[in-house]
Structure formats: structure tokens, C-alpha cells
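There are two complexes below, and they share chain A, which is joined by chain B in the first and by chain C in the second.
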Partner chain A sequence: MTNTRVPDVRPPRTVAATAPAVGGDRPSARDRGTRLLAALFLTPTIVGIVVFTVVPIVGSVVLSFFHWNVIDSPRWAGAANYREVFTDSTVLVSFRNTLVFMVLAVALQLLIALTLALAVNGRMPVWLRSVFRSAFFFPLVLSAASISVVMKYLFNQDFGVVNWALGLIGIAPVPWLTSENSAMAAVILVYVWQQFGFSFLLFVGGLNNIPKEIHEAASLDGATGLRKHLHVTLPLLSPTLLVATVVGVINALQVFEQPYVLTDGGPGDSTRTVVMVIYESAFEQLRFGEASAVGVLLFVLIMVVTALQFRLSRRFVHYQ
Partner chain B sequence: MSRARYSLAPWARIAGLAACALLTLGPVIWTVSTSLRTPAESFDLPPKIIPTHPTVESYRGVFDQIDVWLLALNSTLVTALIAVGQMITAGLAGYAFARLDFRFKKPLFGLVLATMMVPLQVTIVPVFLVLKSMSLTDTLLGLIIPAFPTAFGTFLMRQYFLGMPKDLGEAAMLDGAGPWRTFRSVYAPLATPGLAIVGVLAFNYHWNEFFRPLILETSGQNYTLPLGLVSLQGNLGTGSISVVLAGVVLSMIPAVAVFLVGQRPLREGITSAGVNR
Partner chain C sequence: MTDSHVTRRTLLRYGAYGAGAAALAGTAASWDRLTGADIPGRDDGSLVVATLGPAYGPEAIRSLTEGFKKVHPDIKLRINAVQATDWSDFFAKILTQIAAGTAPDLVYVATEGVQLFAQRLGVALDKWVKRDAAELREYFADVHPSLVESMMYEGSLYQLPVEFNAADMYLNSQVLERAGAGFPAPDWTRDDFTALLRDMKKSSGSQFTPYFWTNRLWGGVVPWLFANGTNLLAESKAPGGAWLWDGFYPGAERQGRGGGYRWTTPQATDARVEESYDYLASLIQEDLCTRPEGGNGQNLIGVFSTGRVGVTPAGGFWAGGLHLAGMRPGSFDVQFFPRWRTQRMQFGAAGYALLRTSKKQDEAWEFIKFAARRDTLMRLFETNQTTPARRSMLTADRYREIGPRHWQVFYDTLDKFPDTGPIPAPPQVAEVEQVLLKHTGTALASRRSVGPALRRMQSDLEKAMERDA
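Showing the complex of A and B:
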């Protein structure tokens, strides 16, 4: 559609229509006013973005080729920082942890959010629906840091409510935060508990955008229950699913507060994430060059994963 | 009707939802109730939701251990100024991108959209250095100024202005209003609900912000509430759990207030994040 040329059907320009441009290329007073206003309106945003995002991105890339501790003058490092990243076991583990975290947290978050959104979308009194919607959305307004402080008590092995509740159904106490095997699980649960409301809201919005008639038509054709969801609802929801996945993945790759407060990256390095490594090497060990190299790699990872998702999505996403 | 075969009976679906809602709110309810119990009862299992001897002793404890007023003042100042700043910058830039004609409009808008993809953590080291060169590290201003431009807010306001009828502005122009007058008296007043979304989103995000304050604020007098809380937890043994939880409850109050008042704008902001991107 876009590459077929549409014949020009506009009426031929009359003298009146071009009147403001008479007098060569000189813009009229109003045009100049508009441009001035645009420049004025855009300055704060553009200057801010250049100073605090564009320059820092370039800065990160440049810094990643230097050794620097802020006190002494920077020393050229060549690819040494990157070489170190690929050999430092803590950094490598942090990338692995972050990827594992991303896959599990996003999958769990989407599954819970989708199930609840479909359930909330079913028939029920209006007030009840808004109670449920508010409840699932509520954790989003709380601070991840202070929620993690609370969760530290709830996941305590000996006196935590989580193990007590598991005890009720006969499950032995789990050393949630103190064992390498379960610490990541606790971090994921805390993160998902706080974040699923985001995807939930996206899904509720997406479901509301699906015209009722389509479901009615599907019912008339004999589609019911799960089949209707699989073959009718999900394809129609697929653009929203894509957005929820992309945003979920970008957020998950930047996880910091939960592992920082809950486990401080431990036990061992089992919950250390990439952002924790950036924080520690820059602001605790004053290794700004190494931290920048890790940051650049994280950025590349995010871009690659996002591009991959859009590519894959071409097969699964249906636009109405 | 085929609805009868719709996987679950309605009551089962609603009961399941209620259980999930309880699970979601459980940790918050537990926090509030434990903060009202005596320290000796904090670890009672099963957790008593209604305290047998309710006491606000823990809240007094919070005020003794950390300077709550200072932290709250810092948090309020930072959050309010960022929210107002973002409403102004996003409102102006959004209008320019939606309704004004100028050169380089497309590439500039592309730049704004692209920065939505850049994670804060990737730029934090140079941002720290930029702020250091301006002597703004360990100041509240250093938290505030970099947060003024908002790519998402700009995008949201552009969509918002694009949704307004063009005829209004054209009518004003015909009546002799210049570009500024057209903005000021026709479009700006209509933008209030959109600006509210930007403001509420900014409030929610920056009130709870942890990563930037952790890096930028080194002396206690510049701490914001989340920083103070985590340090409160670090300084004390497990015995004072109810004091820590009282601190958490105190810091939640404004966020909950904004949730109650600004629920609709918040939800719209989040939903449009998905619908428009």
C-alpha cells in the first residue's frame, strides 16, 4: 500500500493559497514566531537529554577503554576492560544470573498477569472488578527497596511467614535467602509480586480493545472456553503481549533493588546481577572503566534481545 | 448459552481472584499490623492480623532512630520539583512536536524516542561525572535537574495534543492570535488531564527511587526516605523489626495517598505505555 504512488488529486494551487509565501523564501512573521516558540519549548527537553543521556552514552563508551579511579588521571586501557569482563567470573556469573532472572521473572509475570486479566474480564459486578484491579495494581506504587526490606522478614528461614505457610501444607522450611539454590527464587518471587500488576494493566487494556462482536461471532461458530481463548483472544491480544514482553524484558535486565536489599548478591554470587556489578565496581571499588565496559555490554544485550523479540514477533503478532 | 461451558463457574473464578488479591495485599497488611504490635509479638506465628495490644511505640522508635522529618522533607522536595518540572518540560516539548512546524522535527523526535530505550544504569557513571563537574553530587539539586527531561512524558503529551481538534487553533489563528496565544489560551488549558498523568507517574517513580539517590547522596542529611529506611534496617538487629516496619509504613503513606487520588491517571499512564509504543 505504501509503495503504490497515489496520484496527486489536490486542486492546483491558486494565487491565494500560496499568498503567505509570496516574497521568495523569507518566512512570514508568524512562521518565524512559530519557529522561535518551538525552539523555546524544546530547549529544556533537548538540552537535558543531550547532557544527561546522549553525552553520557558516548562517555560510557569512551570510558570503557580507560582505566580510571577518579583520583588519578585516566590511563588508556585498550580492550583490557572488555577482556577482563569476559574472564572475571563474578561478571560472567552476573550476566548468567541476569539472563536466568529475566527468563523466569518475565515468564512468571506474564503468566500470572494474563490469567488474572482474563479472569477479571469475566462477568462480575462492576465494583468487584475495580476492587480486584486496584488490588493487583497496588504493589506497583510501593518502593521496591522498602518492599524488599519487608520481604526479607517474610522469607526468613526460621520465623518468616512464608515458611510458616508452607509448613501448613507440610513443606519443610526452605532456607530462602541463605542457600545458593533458593536465593534467586526468592528474588524472582519478590520482583514478580511487585511487577505483575504492570503487565496486568496492559492486558486489561488490551482485552478491552477487542471488539465484543468478535467473541460473539466466535461463540456462534461454536468456539468455547479454552479454545476460544487460544484461537480468538490470544491472537487479538498479541500486540499487547509483545509490548508486555518487551517492556518486561527491558525492566528485568535492569533489576537491582531486590537482590541488593534481599541478599546483597549472595550467597556467594548466586543473586548478583549486572547492574549490581556496575554499581559495585564503579561506586565501591572506583573502577569506572571496568564498570563502563559492563554497562556498554548490558546496553548491547538489551538492544539485541529487544531486536530479537521484534523479529520473532513477526510470526506471532497479528494486527487487526 | 455457551457461556455456561466457559471453563470455570463464575463463583470459582471470583473466589480464585479473591485469593490472589489477598495474596497480593498480604505482605502490606502484615507490614501494617506488625508495625502496630509490640516488638515481643512481632514474630508470632500464625501472624496475628489484629494486634492484641496495639501500640504506636515502634513509630516513636523510628523518629528516635532517624530524622524522619528531614528525610520526608528531602523526599517531598525532590519528588514535587521533579513532578512539576516534568509537567512543564513534557508539556512544552509535547506541544512543539504535535502542533508546531520547524526544521529537524523528525530527527529530534526520533532522538527523544530513542532515549526511552537507554537504561539509567548504562549512563550513570558519566552522569555522576557530569554532576561532579557541576559540583552537584551529594546535593538534592543533583537528583532533581537530570530528571527534568522525560522522554516518555514528552511522548505522552505529544499524543495528547495530537488528539485535540486542530480547528480550535486554526480558529484562534484566524482571530489574530499568535502561536504563543494559541498555545496559552486554547491548548494549554485543555492539557490538564494529560499533565496530571505525567505528574502522577513522576511522583510515583521518584518518591520510590533508590538507585540514583544511593549513588548521588553520600551524606545522611541528603538522604531520601527509601535510603533512610534501608539504612535503618542495616543499623539495627533483627529485634527491632517493628521499628523498621513502622518506617516502611510511614514512607508508604504518600505513595498510597497518590494511589487513592491518582489511581486513574496512573493506570492510564501505564496502559498508554503499552498501547502507544
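Showing the complex of A and C:
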């Protein structure tokens, strides 16, 4: 007797459920159900992103072509807001300040975080390591505004603890927040002190992921101390370094609270940042169109800088 | 059978999905959701009054609401104490509420925002003031015309002032004693002031600052401009206002009054402005005063009360603040701002502005009148956190426990110097203030930087004034 049964040529269900649909193949009922369920779960997130991210971004772009002062109806402005931005010395200075701030703050933040991560990752009792991790991360969970209020007192030229401490070693009082030469430095110090904990934690995690065997092999090959860090640790840590740099740069380009509370952008415009200009234009001077134009430019700047970082990372980042 | 046919099992599954989704949708639809209408007081018929939060604590709010309820049981009132660091922050939040469609009916507005609100959002109170003239006669008799005039815009009255603060000079008695200096005379001059600072510096250590001031529109560099007979913007008076002056003030007091202040042409490069900045720069160089730093003066209370600062400009509000900081009545005192070319001083006042968007304007007017009553202000300003606009409230009793000894200075700044005026606050005040603070910071870096910084200030002010507010 011959076998007259038609062989079942359909792929096993497990494969069908995970394989991508090809050409005109119709997805199975189970696929459709899974997709429906996935769509249901994703809907709240998608709605959230659309309502709270996409709509405001589109809204800002649209608003940047209008004059609007909240009280009266918006008036079409064309490119006038952008022209204003490119001719307003305060805005241009704020972009320069923000870029300077970004370069110095991120470099310092990464340097401190990496140095401390390497130190904490060395031979040290576990409990002490936990103490350092908590201590370095602690400022990050505090409000930037409240930290800045306290720092404003500490950096006060006449009554601040910082100058008092410097006085003990014979250094004359420094006008930290009231001199164009030192105000940006003070703002950067406060910002870095609060922010380096995040990079520090990333680096600690990254260092723990480097297999000990590689370091041991390097030691056997004669590598010591700094050479080992430069040629083994840093290349293996480069993906973490990239993440820390990208996040650090994006955060630094949006700095607001520290300069706003510490110096209010002064003296002059020496510590005025782009986000401060957006806030002042919109909420103090009621020029929402111009504020939106500055916001759009900042958005573009962040996109460009981030893209550049990823582009450059191809040369310097090594994935195991 | 192919996939194109729906099996019974699939049908049942989709049916179950459908039923589940319908049940979810039904449940969600039947839930009580939080909407804008759930915000307390919104759309519930209440008269909403926005006040500057830190200035109006829970006690003051209770006092206002309960007191108003007794007088007007038919009007539901809600005080919206907006938390803000200063007046510009407060205005920003109020404007955000207006943009969000939740505009209050009344807003507590200081001199900084009077013209901005009047021009854009406010309703003139003229018709109600004329209607209730008999009732208001007692109020105007008790309030200095300068305060009232500062609340006028282009001939109309927009607020009834309830409080004010003039920039007078507070002196630390312990520091005066240490310097062997007596309490200055009411007509002390700028040179007397400088000499006093030098004496204070000589008799104190390196951690001591004779004169401390904060860089802001009120109490910063502006009082020095006033004393030197100039201003940041050329000042003039709008026509009109006779309906008010003739109706409520005797001849001598209405002399020279108009329809409110006009601040128009910037004059930052005026020789007297430069001279005033030069003077402050010289004090900084001589280590007699601080470099200008932002803030609202709150941080100053601590250093003043511990004797690390000798002199600072502040208003009646500081009497309450220093008392809370533990200073006893004899340990500090207050004197007029020193004379230079003039002894014209500056003040800032505040009252309630009625918004055009309000649908309860008559009820709002009743609140404005209630808030300006003497008994209301007596309850509200118990702790001397400000200077009441009513002259009769400044009594020896009020200052016996908290000082200062020369408390009469607060109201005498208006009574004895009737040309004392409000800080320059045109509708473009936000930009004007920003430009002033920004360039004051750079101008006082050294004496050589005064001229260039003032030229930049002039250019920025011109730009700001050309802009529509």
C-alpha cells in the first residue's frame, strides 16, 4: 500500500512565529495575534512619545516661524526669528559659551570619573568600594537648583567657605561668580561635581566587564601600570567611554540650572547658555517664536554633535 | 484547509480579544479621569486671586479668605499662591497660566509688572473708583499719592497699592560702635557715606564688607542713579489722572501729579549715570563694597546679622527679616539713602491687577477694595514682612518689639521727599532689567570698564525699547 497522505510541508510553528515574513507570504494567525498584542502593549508608549516628544518638536518648529507673546494671537514671521537669532549678539555668545562649557565640562567629568573608577576598581575592601560608589553618585540624585543655591554661598567672594579655605593657604579671595575670568570655571566645577557620578558608575561597570585574563596576559607580556591602562584597559573600555561621552555631551549642551542660579548668566553674558536664552526669551520676554528658533537650532546642534561622535567612534571604539 | 480560512479556534480567540478590549475600553471610559476641571477652584465659580507664594503663607491666605467670606458670603474665593523666586519668575508663571487657559481673575503685581499688565492684560479701575468714591476716600487719605501714581498707566488707575518698600539704608549698630561712628544724620551725603565705610573697614577684620548690595532693579545701582539726579530711562508723566487727584487729594498733594510714569528714552551714557557707576567702581576698588552679585537679598540677612556687613539698602521688609534672624531692636537701625545731587529715593509697590479675561470683574473689584482695607492689612502684615501702603499702620507699637528705632524713615521717605519715585519699569521691563543687570556686572569689573559697558547697555536698551513689549 502506497502512502497517499499529502506530506505536511508547512514549516514548524516555532519557526514560523519568529521568522520574518518574506515576499507575499501571509503571516499566520498566530503571528497576527502576536503582532496585535505587541501593538496593544506598545500603544501607550507610542502615544506618549507622539504627545510628549513629537508634537512639541513639531510645535516648536512651527512656532519658530511665528511671533507669539502668549497674550495675542500668533503672527506669521517667516524667517525673521532665525534672522534675529543670527544677528543677536547675546544668542551667539550663548552658543559659544555652551560649546566651551561642553568641551571643558565633559572632558573634566570623564577624566575625574575615569581616574576615580580606576582607583576604586583597584585593591580595596568591598565595603569601602561601596562607600565611594555611593558618595560619588550621591550628588547626581540631588536637585541641580538646590545644589547651586548652596554652592552660591560657598563661592561667595566675601563670605564663602571656598575663599576662606584658600585664605588659609595664603591665596587672596577670588571673585568666583562675579568676574568674567572665573565665573565659567565656577559653573563648570559645580556641574562636574554633580554629574561625574554617572560616568563613574558606567566606567566601574565597564571595568568589571574586562576579563582578568587579558590583563594577566598583558602582565606576562611585560606591560605595567600606565602602559597596561593605555593599551589594554582603555581600548576595551572604549564602548563605555563612547556612551559616557555621548550622554555627557547631550547633557552639557542643555545646561541651565547651574548657570541660572549661580550667576544668572553673568557677569555680562560670560556664563549665559543657550537654554538660558530660550528660557529668558520665552518666559521673561514673551518672545516664544524667537525662543523656539533658538530651541530648533540647539536641537540641530545636538543632532550634529552626536552624529559626529558616532562617526568618529568608528576609529576609536573597539568592540570585543 | 489553508490559512485564509478562519478556524473556529481563531474566531474564538479574536472574539475573546475583542471582548477584552471592549471591557477595557468600557472600564477606562467609566473611570473618573483627572481633567483640567478637577483642578481645585477651576470652573467652580470661584474668584481666583494669584499671589506671590512666599509672601503669602498659609496664615495670610486663611486670613484673606475667611475675612472676605465674612464680608461677601456670596462670592467664593480661592487664593492661588504661586511659588516663585522673584517677581519676574512670578510673572512668567502667571503668563503660563494665561496661555494654558487657566488665567486667574486677579494677580498680585509689583511695580515691575504694573505697566506690562496694564498695557496687555489689565482692566482700568477708574469706573469702580469713581462709583465707590465715598467709600474709598478714607483709603486715599491714608495712602501717599506717589504710591497711587505708580499704579497708573496712561491716565488710568490699575491697582490700589497695599504695600511698598523704599530703598533705605540699614546700618548694623555693633559695626557702627566698633568704628566709633555715630548714627548718620537724615541729610547725610554721599561723602559722609564713603567716610563711614572707610571707618568701618579700618576697625574690622579682612572678613568684613562695609557695604553690600545685590545687583537687581530694586535696590541695586538704581538708587544711586536717583540720588545723582538721573535715571536709566528718561522719565516723564503721562497726561490725565485729574479725575483721581482732584477727587481724592488736596491741592498740595496733587501738585505735579499726572496719569502715571512714562519711561521712554534710554540714557545709560548720560554723564551722571557714568558718574554713579564710577563711584560704585571706586568703592569696589577700595574694597569698601562687594562686586555686584545677583539674588534677592535673602542671603544677606545672615551676614548682616552676624556683623560681617555694615550697611546695606533694604526696605521695611527687612525689619521683619532681621527680627526672624534673631537681631534685637537696638542692634540695627535704618536711615534715608544718602544725598548726592538730590535725595530723591526709589520704591517699589504692589497691589492687585484685574485681568481682562476675568468674567467676575465686579466681584474682583470687591476683593480689591477688601484687600486694601486697614483691618485686612493689619491682619496680613502682622510680621512686618513689608511696609504697609497705609500711613496709619506705621506706628511705634508695630516696631516696638522688632525695631528699628528710626522706623519713621519708612514712610517719611515718601512724606518728606515727595519726588521719591518708582523704579523704572516700562512694559518692556523684563528686557530692561536683564540689560541693566548684565552690563552692571561688566561695568563694575574695573573703573576703565564703566564707559564701554554703559555704551553697550545703551545700545541694548535702545533695542529693547524699540521692541513691542
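In the analysis below, the second predicted complex is superposed on the first by the 280 of 320 C-alpha atoms of A that agree within 3 Å, B and C clash if a C-alpha of one lies under 4 Å from a C-alpha of the other, contacts with A are read in each partner's own complex, and residues count from 1 in each chain.
Criterion: a residue touches a chain if its C-beta (ideal position, glycine included) is under 8 Å from a C-beta of that chain, and two chains touch if they have at least 3 such contacts.
Everything numeric here is computed off the predicted structure, so don't read it as measured data.
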Quick check for you: in the superposed arrangement, does A:157 touch first (chain B), second (chain C), both or neither? second
May I ask you to decide whether A:116 touches chain B, chain C, both, or neither, giving the answer as first, second, both or neither? first
Could you look at A:284 and tell me whether it touches chain B, chain C, both or neither (first, second, both, neither)? second
Of the two partner chains, chain B (first) and chain C (second), which one does A:267 touch, if any: first, second, both, or neither? second
With the two structures laid over each other on chain A, which partner does A:213 touch: chain B (first), chain C (second), both, or neither? neither
Between chain B (first) and chain C (second), which, if any, makes contact with A:180: first, second, both or neither? second
Thinking of the overlay built on chain A, is A:33 touched by chain B (first), by chain C (second), by both, or by neither? both
For A:221, select first, second, both or neither according to whether it touches chain B, chain C, the two together, or no partner. neither
Name the contact category of A:71: first (chain B only), second (chain C only), both, or neither. second
Contact breadth on chain A, by residue count: chain C or chain B: B
Once the two structures are superposed, pull the chain A residues common to the chain B and chain C interfaces. 33, 40, 152-153, 159, 164, 283
Which chain A residues qualify as touching chain B in the complex? 30-31, 33-35, 37-42, 44-49, 51-57, 59-60, 63, 116, 119-120, 122-124, 128, 131-147, 149-154, 159, 161, 164, 193, 197-198, 201-202, 204-206, 209, 219, 222, 224-226, 240, 243-244, 247, 250, 253-254, 256-257, 261, 275, 278-279, 282-283, 288, 291-292, 295-296, 298-299, 302-303, 306
Could you pull out which chain C residues touch chain A in their complex? 3-4, 6-7, 10, 13-14, 17, 21, 88, 91-92, 95-96, 98-99, 120-121, 206-207, 209, 212, 215, 290-295, 299, 303, 308, 430-431, 434, 437-439, 441-442, 445, 453, 468-469
Please name which positions on chain B make contact with chain A in the complex. 2-3, 5-7, 10, 13-14, 16-18, 20-21, 24-25, 27-28, 30-31, 43, 45-47, 88-90, 92-93, 95-97, 100-103, 108, 111-112, 115, 117-130, 145-146, 148-151, 154, 173, 178-180, 183, 204, 207-211, 214-215, 225-227, 229-230, 233, 241, 244-245, 247-248, 251-252, 255-256, 258-259, 263, 266-267, 270-271, 273-275, 277
Contact set on chain A toward chain C in their complex: 26, 28-29, 33, 36, 40, 69-71, 152-153, 156-159, 164, 167, 175, 177-180, 263-269, 280, 283-286
